[in-house]
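Listed after this line are the structures, all set down as structure tokens.
The two complexes that follow have chain A in common; it is paired with chain B in the first and with chain C in the second.
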Partner chain A sequence: MKAAVSGWRVQRISAMVLAVCVTVHLITMIAVVHGGLSAGAILTRLHGNVVWGLFYSVFVLAAAAHVPVGLRRIAEEWLGWRGPSVFAVSVLIGLMLAIAGLRAVLALTGGPL
Partner chain B sequence: MPSATPTTLKVSVWRGADEGEFQRFDVPRMESQTVLDVVIHIQRHLDATLSYRFACRVGMCGSCAMTVNGRARWTCRTHVTKVLRHADDVLEIAPLNHLPVVKDLATDMTGFFDKWRDAKGYFAGQRTRAEPAARVDPASPARKAVDAGIECIGCGVCYASCDVVAWNPDYLGPAALNRAWTLVNDVRDTQQQARVAAISNDAGCHSCHTLGSCTERCPKSLAPTASIAGLKRLNGKAPQGALE
Partner chain C sequence: MSELDVSHANGAAAAGRRKTPGRRADARARNHPAWWAFLVHRLSGLALAVFLPMHFWALGTALHGAAAFDSFLAVTRQPAFVFAEWGLVTLLAAHLIGGVRLLLIEYRPWSGLRKDLIAATAGGALVIGLAFALSLTL
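Presenting the complex of A and B:
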């Protein structure tokens, strides 16, 4: 299985998305905590909120794209593990991250309270 | 020569190919003695079967690079005193890292130079000799970028010092990428798209971890790290206004 797009490009584009997402996430977290909102209040506000749902979906997908490339580099350079097998395993890890992350997003924004 | 300096130098030289062992020699200590002087003395006076490579002896040709006490160096311009911390230390001379050893101190540099070719590290122009030479302003940013990297002598010290080459055998390496960068900045060159495609992949500039060993060890004080950073900033696109 050969990647149609070079790993570095995936990693660089996803890093740009992550830079924005992490900044927004951290600033929001700090602002919310300083504002004194409880966990319950945050859950109530997030529930049914399409904008935050989309934001965190993008965040999860960017992370799921970013992580496999980095793991693959570590496997190739430090373990000498190369070829289709390491590609397949790294993509599998990325898919698992995407599923776990999207489930969490759904639970926060779309699931039952 | 100061009386404190020993009259003989203990030298340990790699013998064999990829499999082999170090052999001990005692070489007369001389003033201003270079590592290449030591190797030449061994081959001419102690063991004529010692294989190594050199040509110009003045730091121009890039043939004589070897691993001296664990560090890749140009041996013709490296004084023994620069390597040995104490005068009675052993001078250890081995072939360059990351290249197959032909015999003793001579490595097979085919892979090294093949990667220059793979990185499109050669000039392709548009004009014939019947046409006037292109005018390039020496003060232009592109020409200054070329100047910063053009004095490479192809000795392979950077390649032998690069950890990424060790980790990823496909990696083009600092010398080939440095050459590609000088050509990216050559406004006369006509294969910019092909070159950028050749170096913008997972064996190219984006694999560099910016460890800086190439820049640290380059005997010509070039900065392949800076050249590779320039290639990374291209983002996989040919420079603006490039000829096709």
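Presenting the complex of A and C:
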């Protein structure tokens, strides 16, 4: 299989980005969950914040690149589903994740208060 | 190796093959830290992939205002949600550290099985999961 189609490199490069993003995300979660989550506190932290907006956008795009390759590996190895159809479905899942994720970033950083 | 040795070795290999038809990987190949690390990485990745669309949808409720977002967050305060949340945080930590382990194995010089990295994955996921649990306000 061609390297571009197999997604091996996409998986690794996105993993490197995600390693940083997930570390930040875990630390943030442990910090903000203390005292309970509230919409007010989350939106106060994120609304209009360009740095968090960029961070979460990169996070979403890296995840949207990473997840489809992993799901495709599982489909290939455990379900025996191979070829162009599984590739097309995985790319579609990646696009949907990117759209849903960026929508969530927009909701938290630029949505209504 | 003499011809006699070769034929003996071939005979032993043939006997071995008869005991393991098709040379299929059996339980022995799987009851191993590296195989368990693979399984945890795969299953945690799958769980996170299933969770992600719900996570994005939930956060997207903020598009309808803070009140809509808050009414969703109220649902997540149920014990079952909190428990699932804790599980997902632990799985995320395991997938993170296990993933870094794979990157180190693939991109850095290495030798052997490096079970210390597998131990670090298990220990790190536990520590991060417990830190999150301790931080929870129920």
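Please note the rule applied: the second predicted complex is superposed on the first by the 100 of 113 C-alpha atoms of A that agree within 3 Å, B and C clash if a C-alpha of one lies under 4 Å from a C-alpha of the other, contacts with A are read in each partner's own complex, and residues count from 1 in each chain.
In this section, a residue touches a chain if its C-beta (ideal position, glycine included) is under 8 Å from a C-beta of that chain, and two chains touch if they have at least 3 such contacts.
Please read these numbers as outputs of a predicted model, since none were measured by experiment.
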Partner chain in contact with A:Ala63 - chain B first, chain C second, else both or neither: second
Touched partner set for A:Ser6, first chain B, second chain C, both or neither: first
Which superposed partner A:Ala107 touches (first chain B, second chain C, both, neither): second
Greater residue coverage of chain A in the superposed arrangement, chain B or chain C: C
Touched partner set for A:Val33, first chain B, second chain C, both or neither: second
Partner chain(s) touched by A:Val22 [first = chain B, second = chain C, both, neither]: second
First, second, both or neither for A:Leu54, with chain B first and chain C second: neither
Residues on chain A lying within both footprints (that of chain B and that of chain C): 12
Residues of chain C defined as touching chain A within the complex: 42, 45-46, 48-49, 52-53, 55-57, 59-67, 69-70, 73, 76-77, 89, 92-93, 95-96, 99-100, 102-103, 106-107, 128, 131-132, 135-137
Chain B-facing residues of chain A, complex: 6-9, 12, 76-78
Residues of chain A defined as touching chain C within the complex: 12, 15-16, 18-19, 22-23, 25-26, 29-31, 33-40, 42-43, 60, 63, 67, 70-71, 74, 96-97, 100-101, 103-104, 106-108, 111-113
Touching residues (chain side chain B, partner chain A) in the complex: 164, 167-168, 200-202, 206-207, 235-236
